[in-house]
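Quick heads-up: structures coming right below.
In the two assemblies presented below, chain A is common to both, partnered first by chain B and then by chain C.
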Partner chain A sequence: MSGAVGREPVFPTRQSLGLMKAKLKGAEVGHSLLKRKSEALTKRFREITRRIDEAKQKMGRVMQIAAFSLAEVSYAVGGDIGYQIQESAKQARFRVRAKQENVSGVFLPQFESYTEEGVNDFGLTGLGKGGQQIQRCRETYARAVETLVELASLQTAFLILDEVIKVVNRRVNAIEHVIIPRTENTIKYINSELDELDREEFYRLKKVSNKKQRDNAAADAEILAARQKAAEKEAQNGTADTSTVTNNEPEATDVLGEQEDNDVIF
Partner chain B sequence: MASAATYKDRQFLAVIGDEDSVTGLLLAGIGHVTNPPDAQRNFLVVDSKTETSEIERTFQSFTQERKDIAVVLINQHIAERIRHSVDTFTDPFPAVLEIPSKDHPYDPEKDSVLKRVRRLFGE
Partner chain C sequence: MEGLFFNVNGGYVEGIVRGYRNSLLSGQNYSNLTQCESIDDVKLQLGPSYGDFLASLPPNPSTSALAGKMTDKLVSEFRYLIAQSTGSTAKFLEYLTYGYMIDNIALLITGTLHERDTRELLERCHPLGWFETLPVLCVATNIEELYNSVLIETPLAPYFKGSLSHHDLDELNIEIVRNTLYKNYLEDFFNFVNTHPDFAGSPTQDVMSEILQFEADRRSINITLNSFGTELSKQERRKLYPEFGKLYPEGSLMLSRAEDVEGVALAVSAVADYKLFFDAVGLSQGGSGLGGMGGGPADGKSLEDLFYQKEMEMSKLVFTRQFTPAVVYGWMKLKEQEIRNVTWISECIAQNQKERIGNFISVF
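Entry: the complex of A and B
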C-alpha cells in the first residue's frame, strides 16, 4: 500500500526531514478538521432531507386545498377566468429574495418571499360576481406558494450541500489515503537515507582509525625491531670489543648535525 | 460554488403547468411580464395540444437563459414529458420544483430530487 503512493521528490537532508514532519503534522490537523466539517455538514444534510420529505407531503395537501378553492371560484364566477387572468398578469406581486445562511463555511441560500406592495393586476377580476371567492382563492394560493418557496430553498440547500459534502469527503479521503501515507513514506525514506549516511560515516571513521592503528603498530614494531637489533649489536660488540661502542655513539650523533654540512653550499 | 451574484437578482417564480395550476399561481401574484422590447412571460400554460418541444424550450429558457428566476414550478405530469431535461438539470439555481396538479395526484417516486434523496440513503 505505502509503496503504491510513492514519495515526494526531495533530497534526503535533515532540512527536508523537518519540512516533511511539519507537513505531516499539518495534514493530520487538516484531516481532523475536514472530518469534523464533513460530519457537521452531513448532520445538516440529513436534517434537510427530512424536512424536504415533510414539506413535500405538506405541499401535496396545500395544493389540493388550493385547487379546491379555485374550483369554488370557477363555480362562483360561472365561467373560465383563466384567460382573463393570464392576460392581466403584468407585474409580479409575489416575489422572493435570497438570503444567505452560513453552515460551517458553506453559504446556503434561503429564499424569502415578500409581496411587492402597490402591484395589483387583478383589481377588476371578479368584479361582477365571485369576488369574495377570488379573494379567498388568492389568499389560499399565496399560502401555497409560500410553502413552495420554503420547499424550493430546502431543495437548493440540498443540492448545494450534496455538492459540498462530496468535495469535502474527497478531500478527507485524499489526505487520509494519499497525502499522509506519502509524507510518512518520505519521512521513512529520508530517515533510512540519513541512517545509511551515518553508518557510512561511522564505517569510514572506523576504517581510518584502524588504518592509523595499523600504521602505529607497524611503526612501533619497526622501532622495536631497530632497538632490538641495536641491542643485539651492542651485546655482540660488547662481548667482542668495547671500543666499538664508543665508535657507535658518534655515528648516532652524526645524524643530528655534522653530516649535513656537506650539502650546505654557502 | 454559488456566488452571491448568481442569485442576488433572482426574484421571480416561473411556472409551467396546466391551466388551473397556472391560474391559481397567477392569482397568488407570481405572474410577471418583462418590459416590452422582448416581452417574456414567466408562465406557460400546457394543455393536451401543446408540443413537447415547446415545453422543452420554455424549460430551457427558464432554467438557462433567464437570470431573474429563482424557482421554476412545473406540474409533475408535465415534468414527466420532459423527464430527461428535468433530471439532467442539477444546478442549484433556479430551483426546479415539481408540484401536483388538480387531476394528477402527487407521486413522490417520480420526483427528481426525492429520487436523489432516496438513492443517497439507499432506501
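Entry: the complex of A and C
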C-alpha cells in the first residue's frame, strides 16, 4: 500500500525534513480528533435511528387512530364537511418552531410544535350534529401532526448526520491511509537521500585525497629526475661554478618541504 | 274516513315506498357485511339491494365512492317518487328536500364569502337539495347581491325572511346561519303537517308531529352540547332552538341556561325518553362519556348513537300506519342510516379495525 502512495515532491533537504516531521505530527493529531468526532456523531446517529424507528411505529398507530376518528365523524355527521372546514380555517392553530442544535460542530435543525391557544376557527362546525366527534377528530389529528413534526425533525437530523459522518469518515481514512503514509514515505526518502549525499561526499573526499597523493608522487618523481639530470650534467661539466650548485640544493629541498606541508594540511 | 280517498292521489307513491322498504338491509345482511374481508366483498354483499348502481365502481373502490353510489340510488328513487306524487303529497316530499337545500345554500354562502368559484361547489351539493335556481346562486359575487336578488327567489326565502339580514350572512358564523335556517324549516314543516287540511287529523299529523318534535329536541340538545367551550353565547344559542317539541318551552329555557352536561341532563329530565338516554351514557354522573364512540361508555353507545337509534325506531314505526306520505320520510331516514352503516362497516374493513365494526344501527 505505502508503495503506491508515493511521496511528496520535495527536495531532500534538512529544512523540508523538518517541515515533513511537523506535518506528520499535525496529521496524527488531526486523525485522532476526527476519529473522536466521527465516533461521537455515529453514536448520535444510532440514537436517532432508534428514535426514528420508534416515531415511525408511533406514527403508524396514531395515523390509524386519526383516520378512524375521521370515519367516526363521517358517520356522525353523515356528509362531507371537508369543504366547510377548509374554508373556515383562517389561522394556523398548530404551529412549528425551528431551532438549531449543535452536535460536535454539526448544526442539526430541530422542529418544535406548539398549539396557538385561542385559535379555534371551526369550533361551531357540526353544531347541529357531530360537533363533538369533529372536535375529537381534530384533537386526534393534532396529535398525529405532532408525531409527524417529531419525525420530520428526526429525519432531517438523520440526513444531515449521515452526510457529515460520511465526510468525516472519508477524511479520517484519507489521513490514515494516504497522508500519514505519504509523509512517512517522504521522510524516509529525505533521510535516505541525505545519507546518500553523506556517503557520496565521503567517497569524493577520498578520491580527492587519492588524486592529490598521486599528483604529489608524480611531482616528486619529476623533481628527482630533474635533480639526477642536473647531477649528471654537473659531473660532465666537471668544475662548473660550484656556487650555483650549492645555491640550488637548499632551494630544491625547501620546495619539497613546502609541498609536503601542504599535503598534510589538506 | 280519512283514508277513503288517500289512494286516489297518494296510493301509488305509498305502495312504491313500501316496496323500497323491503330492499333495506336486514340484520342478516349486516351480519354478512361484517364478515367481509375487503370492500369488494362488501360490494358483492350489497349486490341484491343496490345492483346496477355499484356495477360501475372499479375493483376495491374507496368508501366514499361506495357511499356516493348508494346515495345515487336513494336520490334516483326519491326523484321517481316526487315525480309520481301530486297535490299535498308532492308538497310534503318537497319539504323533505328543504333540509338538504339548507346544507347546499350554506355551502354556497361559504364559497361566496370566501370569494371562491362557486361553480365548482355545485358538484359538491347534495343532489336531493337541488332546485332550479340553485345554479343562479353562483352568479352572485358578493353577499349583498346574493341576499337581495338571489336568495329571495329560492324556496328557502321564507326562512331567511325575518330572522337573517344580509349583514348577518356576512358577520355570523355560517353554522349559526345554517342552524337558524334549519330551525325555521323545522317550525315551518311542523306547522305544515299540523295545519294543512289534507293532513290535519290524519295519521300523517300523528307520526310526523312526533318525529319532528323529536328532531327539534335532538337539535336543541346537540346544539347545547356542542356549543360548550365555543364563543356561542347563551342568547344566540337560545335563538337556534326550534320553538316546539317536547322540551319546549320549559326544557328549552333550561337548556339555554345550561352551562355543562349536567345542566343539559337536568333540562331534559322532564322527558322520560331523553332522561333514559342520558342515564344510559352516564352523562348525569359526569362528563366523561360525552357523546363519544371512542371515549364512550362500555357498551360503545354514545348519545348521538342513541338518538340515531331512536330516530330509526320511529322511522320503522311509521310503516305501521297507512294512508300517509310519512312513510317516505321514514324510508328516507332509514336509507340514510343504511348508507351511514355501510360506510362505517366498509371504513372499519378498509382500516382493519374490526373491533368496533358492530357499532352501527340496524332496526330490521
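Rule of thumb we're sticking to: the second predicted complex is superposed on the first by the 190 of 266 C-alpha atoms of A that agree within 3 Å, B and C clash if a C-alpha of one lies under 4 Å from a C-alpha of the other, contacts with A are read in each partner's own complex, and residues count from 1 in each chain.
The rule we apply is simple: a contact is a pair of C-beta atoms (placed from the backbone, for glycine too) under 8 Å apart; a residue touches a chain by one contact, two chains touch by 3 or more.
Remember, it's a predicted structure, so these values are computed and weren't measured experimentally.
In the superposed model, A:110 lies in contact with neither chain B nor chain C. More residues of chain A are in touch with B than with the other of chain B and chain C.
In the superposed model, A:67 lies in contact with both chain B and chain C.
Once chain A of one complex is fitted onto chain A of the other, the partner contacts of A:160 are limited to chain B, with no touch recorded for chain C. Judged by the touch definition given at the top, the superposed model places A:149 against chain B, while chain C stays out of reach. Legend: residue contacts after superposition of the two complexes on their common chain; A:185 is shown touching neither chain B nor chain C.
Within the superposed three-chain model, A:38 lies out of touch with both chain B and chain C [touch as defined at top]. When both complexes are aligned on chain A by C-alpha atoms, chain A residues 64, 67, 71 touch chain B in the first and chain C in the second. In the complex of the two chains, the chain B residues touching chain A come out as 1-2, 4, 7-8, 10-13, 19-33, 41-43, 45, 70-71, 73, 90-93, 95, 97, 99-102, 105-106, 108, 111, 113-114, 116-117, 120-121. Every residue of chain A that touches chain C in the complex is listed here, in rising order: 64, 67-69, 71-72, 74-76, 78-80, 83-84, 87-88, 120, 123-133, 136. By the touch rule above, chain C contacts chain A in their complex via residues 63-64, 103, 106-107, 110-111, 113-114, 116, 121, 124, 126, 173-176, 178-179, 182, 218-219, 222-223, 225-227, 229-232, 240, 290-295, 304, 336, 340, 343-344, 347-348, 351, 353. Put simply, chain A touches chain B in their complex at residues 49, 52-53, 56, 59-60, 63-64, 66-67, 70-71, 81-82, 85-86, 89-98, 100, 107, 109, 111, 115, 119, 121-122, 134, 137-138, 141-142, 144-145, 148-149, 151-153, 155-156, 158-160, 162-164.
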